[in-house]
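Chain naming follows the written order as A, B, C and D, and within any one chain the residues start at number 1.
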Amino acid sequence: MRWGERMEIADFLLTVAVFVLAMVALGLVRILRGPAAADQMMAAQLFGTGGIAALLLLGVATEADAVIDVALVLALLAAFASVAFVQGAAPADEDIKEKNHP
Amino acid sequence: MSFVLDLFTMGAVLAGALFFLAGTVGLLRFPDPLTRLHALTKADNLGLGLIVIGLLPQVAWPLGAFKLIAIWLMALFAATTISQLMARAARDGEPVR
Amino acid sequence: MISTTTLFGLSSAVLIGLGLFGMIVDPQPLRKILAFNLLGGGVFLLFGVIARRGAGAGLGGDPVPQALVITGLVVAFAATALAVALLLRLFQATGQTALDEAPPPAPSVDP
Amino acid sequence: MTLALAVDIGLALLVLAVAGWTIAVRDTFAAVIGFVAYGLLLALVWVRLAAPDVALTEAAVGSGLTGLLLLSASARLRHAKTSAAPPGPVLQWAAGALCILIAAGLAALVLLLPDPAPTLAPAAVAHLPATGLGNPVTGVLMVYRAIDTFLESVVLLPALLGVWSLASEGDWGGAPILRHPRPDGALTLMAQVLPPLGIIVGVYLCWNSADHPGGAFQGGAVLAAMWVLALLAGLVDAPPIRQRGLRVLLVAGAAVLLAVGLAGIGLAGAFLAYPEHYSKPLILAIEMALVLSIAVALALLVAGPPVRTPS
């Protein structure tokens, strides 16, 4: 009885994981169309959050506790690439100025 | 008891999934970068939050639950900051590409 | 019915092909570095598939290829960092990023 | 288990779509964003392949650090002239045919893999109790193939020397600059709040690696990312590369590993053999030294050559 219930909830969580992945895939469409670099980065952020959510769902569904650690690292570093994006969006010429006039 | 908890999980996770749906729809349909940013950050962070809340009864207590909440807080914090930075970048004009 | 390992194994073959194509065809060095990393991801994935097929003795996969991939990822990062630094220096020195063209005539003469 | 298979098929399609887009898209900046997403998806695939240790490495190194490196490089090269023309159609078709051929060959290889797959898993498990470890991947990295780990911790140093050697002549011995051109409140806040958490996670990944997924590489990558974040926000300055303490820190991991390895010749009869009953504390000591060296080396690899003239 307990076992059957466990399977049910696991199946449910896997289904939601597929759904979230599908949403992420739709975000891909925005990357493909996105006129602005900011749009592409937003889609990448959706990838990050959706990836973490799918990972947690998969991990709990398959009772793989280590997955939570992976999600922890992803959450920590998802912000990281976005910082680089904002750095990219700013004019890079100032680096060179700083170099020439220390 | 566990049946009630499972029901709670299903409800919260389903609600979270709906927020992901809303976020993606907003990302696809809204007209300009700032509104899309609004849709994305509101929705996907609430979505992740609800999924995390839903999963809480299913993981080992207390370390697993603690980590789950930490994941959500970190994602929330990072997304908040990044939205600020991205919105500023979007306002100040797009990078020349 | 296709199995998980076969599925990801076939994916890794496609990824390797894609990465190689990008490395050969794209003229920009940064894109070549990118394609190289994409190819690397495919190769590592193939290792992962082989590791997963070797599941046994209570393990989800053979730990030896998995450990190899971990070291490989870090080495790939180091190589990428070196390549990027070389490319940025080339750009700084010559103002362009092309590899195979003659350097611009005037600035190449050292005072 | 068809539902799990549906997850895998969806994941595989997504990875292939993102990879194809990364190669095909015209804009380099967009391609790099695609690559970051690709790394993230690969981390999910590694979880599906029951390799959480690799998933951690992929998330931290493959997607995080490499993504940052390539994104900032593409931003700096945005104004570069793309003078080189793509190869002509004949060459493109030839390259395409070659790549399809190679992919098809690999696919055939995958389909023809021997069915009782050869595996070292039983051997790895059989000797694990003697090492005092519970995580077989750590066992492989630190015991069975410790020589590989040693060589790898060494190989980071020539790469770093290569990056440093690209400095202009006057800048040698100076410090790299990684500061954001326009640091502002939001970035500063993030660089103040995230690193304390990240340091906990990094140390946890390393300290816990004896029995759980993680290790010096994953922990080091997370620590490196946190340092780079603080550098980007301008909260701290990168140290000048001539600084002695920095160089000691860089070689500490390899040095400790080498010292323990040499001691093993006398105490346990072989290079890199651990004396019985002491293996676990020794491995932890090595990992603690390694995690610091790896963190510093990875962060400095991201920071690039020194550009500030030594004062």
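Operating definition for what follows: a residue touches a chain if its C-beta (ideal position, glycine included) is under 8 Å from a C-beta of that chain, and two chains touch if they have at least 3 such contacts.
What you are looking at is a predicted structure, and each value in this text was computed from that prediction instead of being measured.
K.L.:
Could you tell me which chain lies farthest from chain C when each chain's centre is the average position of its Cα atoms?
P.N.:
When every chain centre is compared against chain C, the largest gap points to B.
K.L.:
Determine the chain that sits nearest the middle of the structure, using the mean of its CA atoms as its centre.
P.N.:
Ranked by how close its C-alpha centre lies to the overall one, first comes D.
K.L.:
CA centre of chain A versus CA centre of chain D: separation in Å?
P.N.:
For chain A versus chain D, the centre distance works out to 18 Å.
K.L.:
Hey, how far is the Cα centre of chain C from the one of chain D, in Å?
P.N.:
A distance of 13 Å separates the two centres.
K.L.:
For chain A, give me the residues that contact two or more of the other chains.
P.N.:
In chain A, the residues touching two or more other chains are 24, 37, 41, 43, 48, 69, 72, 76, 78-79, 83, 85-86, 88-90.
K.L.:
Quick check: what residues of chain D touch more than one other chain, meaning two or more?
P.N.:
4, 29, 48, 50, 74-76, 78, 187, 190, 194, 197, 218
K.L.:
Which parts of chain B, given as residue numbers and ranges, touch two or more other chains?
P.N.:
Chain B, residues with two or more chain partners: 70, 74, 77-78, 81, 85, 88, 95, 97.
K.L.:
Among the chains present, which pairs are found to touch?
P.N.:
A-B, A-D, B-D, C-D
K.L.:
In the complex, go through chain D and note every residue touching chain A.
P.N.:
Chain D residues touching chain A: 3-4, 6-7, 10-11, 13-14, 17-18, 21, 29-30, 33-34, 36-37, 40-41, 43-44, 47-48, 50, 52, 55-56, 59-60, 63-64, 67-68, 71-72, 74-76, 78-79, 177, 180-182, 187, 190, 194, 197-198, 201, 205, 212-214, 218, 222, 225, 228-229, 232, 307-309.
K.L.:
Going by the contact rule at the top, pick out the chain A residues touching chain B in the complex.
P.N.:
2, 5, 8-9, 12-13, 16, 19-20, 23-24, 26-27, 29-30, 36-39, 41-43, 45-46, 48-50, 52-53, 56-57, 60, 65, 68-69, 71-72, 75-76, 78-79, 82-83, 85-86, 88-90
K.L.:
What part of chain C is in contact with chain D in the complex they form?
P.N.:
Interface residues on the chain C side: 1-2, 4-22, 24-28, 30-31, 33-35, 37-38, 41, 44-46, 48-64, 66-71, 73-82, 84-89, 91, 95-101.
K.L.:
If you look only at chain A, which of its residues touch chain D in the complex?
P.N.:
My answer: residues 11, 14-15, 17-18, 21-22, 24-25, 28, 31-32, 37, 40-41, 43-44, 47-48, 51, 54-55, 58-59, 62, 64, 66-67, 69-70, 72-74, 76-81, 83-92, 94-95, 98-99, 102.
K.L.:
Touching chain B in the complex: which residues of chain D?
P.N.:
That would be residues 27, 29, 75, 78, 184, 186-187, 189-190, 193-194, 197 of chain D.
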